[in-house]
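Which chain is which? They are A, B and C, in the order written, and residues in each are numbered from 1.
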Amino acid sequence: MSGYFTDLWGGAVSLLEGMWVTLKEFPKRPVTVGYPHEHLKMYRRFRGHVELIGGEDGSPNCIVCSMCERACPSNCISMTGEKPEGSKKKVLTSYILDFTTCSLCGSCVESCNFNALKFSNEYNLASTRREDFIIDLLERLAEQNKASGGGDD
Amino acid sequence: MNQMDLIELQPDETFVLNVGPQHPATHGVLRVKMTMDGEYIYDAETVLGYIHRMHEKMAENRTYAQYMPNMGRLDYLSAMAFNHGYALVVERACGIEVPERAEYIRVLTVELNRISSHLVWLGAFVLDLGGFTPLMYCFDDREYILDLLESITGSRLTYCYFRFGGLYNDIDEPFIEGTRRFVKRMYKELKMYAKLVTGNIILMKRLRGHGIIDQNMCQRYGATGPVARGSGINYDVRRNEPYSVYPELDFDIPVDDGCDSYARYLVRMEEMVQSLRIIEQILAKLPEGPINPAKKPKIIKPPPGDYYAAVETARGNFGIRLVSDGGKNAYRLKLRSPTYSNMHLFDEACRGMLIADALAFMGSLDLVIPEMDR
Amino acid sequence: MELSLLNAFIAVFIAIAFVGANAAYLVWWERKGAGFFQRRPGPTENGPWGLLQPPLDGIKLMTKQLLIPGGVDKAIFMVAPVLAMFPALVSFVTIPFSSSIQAHTIEVGVLLIFAFAALGSMSLLVAGWSSRNKYAMISSIRAVSQTVAYEIPLLITTITVVLIAGSLELSEIAAAQMGGIWNWYIWPFQKSAGFNIFMPISFMIMFICSVAETNRAPFDLGEAESELVAGFHTEYSSMGFGLFFMGEYANIVIGACLITILFLGGWACPFGDLGFFPFTHHVGWFLLKLYLIIFVFVWIRWTFPRTTIYGLLNLSWQYMIPLSLFNLLLTAALIKVFA
């Protein structure tokens, strides 16, 4: 019989303790970020999808060695290059990233020995169209060059 | 009614209740076919295979380095530990030495990841029991860990931070500072959880004496991790088959003889405290030095042979058996994932339970379906 | 008040509007409150502080398709949501918001409310029964056994109060507690209650029973979403679901009104009839107490895990019913001796 009332008392106390915990949280400010209106700054090491690094003249550092293509576990990189006449180095003509199969592992960036690939800080990667994820990195680099070039003038 | 009475009793009328593959309590695509007698479970059968992705087969078609990201996709809540296991087995096979600093950082990140995994379990478990608010608090705390890990690994969930012989990159001062602050905060938060959740009379009434798994059953099914330790089995890979720098660290393995859902709950809560202790020790004695070995084979080609490594993930013993024929790809890679064994307890243990208790019991097993089904 | 057709019409109109507005904005408040308890802001997007959320939710629900699954008992399936909403509406007729604001004075107001509250659980039963869904079936059976278990202590506690006040009419019960906070039935050592020390316990029983009666967490076994998906309204969509939802919140308002009147003095000012103090018998006091109780309902919901059906029945049959019966007998004896 004594257990009957101690149970009741202990139970009530534990419930009140719990309610006190939540009540203390009530007046506090929310910890969330109102996402579409506010944005977080990404960390320097954040791994978005990859992008090409351009040299000083804006042309990609890539020498079309295809190491990244081979390192990729999900075969999402396809690149072509050609050797212009009179030149010894190959020049990149297209670099397509199929982001639908990319798992952001970063093997491509690590395998690159020529400082030609890096992670972007892009994280708003959502779309209802599949084509939006077939990313032409060469075009992206050209746009970035244009944007930074426009800023300099 | 006694559980055993019900099992022996042949009910005249039963019906089949299909819990899942889409059901709020199964947290993923697990299906349980329950034969019910009213609200009592007469028989249950778990059906797997809804999220099978052939991870073991994939290992045979990829180079060793290419397979590393797959490990994070098994158990998305404690991806670090899975990466650790895989790195460990390949290092053993190739005989790669890991620098001391890298070992310490590995353990540090794995333990942070273990806390974040247990926080998700705590939130989801109380959510299974119908309490919504602790989930939000847990996710708030977990956010700190994810931010910390994101700042060094660049990713929030599938880290892929370990490399054979070392790490992807070194940790920096803000990370160490942030971890110190987090440890302080977490001790406070654990006290808050003790008041809000652990002591709650409703929770105790629902967990104490429900979901009994005895030691014998654990051994028969090969249950490991907090599930086995909640049944009084003092087994932890970190202690029994030490790897990395765990032997140099001072921590306890929490064990509880309760055998019920509440015992498993307490074990996990205590494990978070122990992980915090490990983190504190590592921060105190983190050695300087390189994070990658000086010489490391360019192409990973383990000599032909049979290799095994096991790690303690947040859910138990994760073992990898690697058979190599000397080529660039593994000949065979067998994964022994903890929840696969832990799950199969459910069929036997839930007989005679009410459906509400059975789902609370399932929550206490801490299931991650993609890891089970791989 | 004379019951003419016009009066009745106005009363019904006000009741529906009050219930509708309350139900809609209680949903808003529930979400907002949940947000504050959980370190997040709650709805913010639609209107200032998300205030447009309820009407927009209503529009969304109304424009959705009302799916009737194959093989259900159509007539009963359609009737059930209506049955969930209308008892709450009827009950509002008897609630006195102040000494003058009451749709219709009924001598047996308390009985009427309980009669219709019992009808509310009927709607859960038929909804689950007609849905042709195992989860809904289990849920509706749970809901009914829960209601049966909790009506008893609720009624016994109410009888205790009725004994003290000497009337079944809600406005008279409230009027008996006029003259200051110390006259409310929640406190021990009331002279009219024969100096009964256990009145706070009666209040607690009443409060817990109201939570259980309205199927709210931690007693929301009927719609335990982690066990029974969505319980009795699993198969309902569109406004069918909307009516269940509204009905639930309308029932909360009724429960809170009842607690306010029976234990917190209804529209009585807590500082007594001090003459110089304005608004002593004002509807504002009633609403203040009402929403305070609703706040506690929300607070409890976002704090505790759910009980199980046997835990709930144990609580009822082991603790609530004996305690409330004991208090009823004690009160009766004390009134006989002292009053």
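Convention: a residue touches a chain if its C-beta (ideal position, glycine included) is under 8 Å from a C-beta of that chain, and two chains touch if they have at least 3 such contacts.
From a predicted model like this one, the values you see are computed outputs, not experimental measurements.
**Student:** Need the most distant chain from subunit A, centre defined as the mean of C-alpha atoms.
**Tutor:** Chain centre farthest from subunit A's centre: C.
**Student:** Taking the mean of all protein CA atoms as the centre, name the chain whose own CA mean is closest to it.
**Tutor:** Per-chain C-alpha centroids compared to the overall one single out B.
**Student:** Compute the distance, rounded to whole Å, between the mean C-alpha positions of subunit A and subunit C.
**Tutor:** 50
**Student:** Quick one: report the Å distance separating subunit B from subunit C, using the average Cα coordinate of each chain.
**Tutor:** Once rounded, the distance between the two centres reads 44 Å.
**Student:** Averaging over Cα atoms per chain, report the distance between subunit A and subunit B in Å.
**Tutor:** Each chain reduced to its C-alpha mean, subunit A and subunit B end up 26 Å apart.
**Student:** Which positions in subunit A are in touch with at least two other chains?
**Tutor:** 15, 18, 21-22, 25, 31
**Student:** What are the residues of subunit C that contact at least two other chains?
**Tutor:** In subunit C, residues 37-40, 302-304 touch at least two other chains, as defined above.
**Student:** Specify, in ascending order, the residues of subunit B that touch 2 or more different other chains.
**Tutor:** 133, 137, 140, 196-197, 200, 202 - these are the residues of subunit B that touch more than one other chain.
**Student:** Please output the residues of subunit B touching subunit C within their complex, sorted ascending.
**Tutor:** Going through subunit B, the ones touching subunit C are 15, 17, 23-25, 39, 126-133, 136-137, 140, 196-197, 200, 202-203, 205-206, 354-357, 359.
**Student:** Which bits of subunit C are touching subunit B when the two form their complex?
**Tutor:** Subunit C residues touching subunit B: 34, 37-40, 134-135, 138, 142, 217-218, 220-221, 224-227, 229, 302-311.
**Student:** Going by the contact rule at the top, pick out the subunit A residues touching subunit B in the complex.
**Tutor:** 10-12, 14-15, 17-18, 20-22, 25, 31, 43, 45-47, 71-73, 103-107, 110, 119
**Student:** Give every residue of subunit A touching subunit C within the complex, in rising order.
**Tutor:** Residues of subunit A touching subunit C: 4, 8, 15, 18-19, 21-23, 25-28, 30-32, 34.
**Student:** Which stretch or stretches of subunit B touch subunit A in the complex?
**Tutor:** 62, 65-70, 73, 133, 137, 140, 143, 150-155, 158, 160, 168-169, 192, 195-197, 199-202
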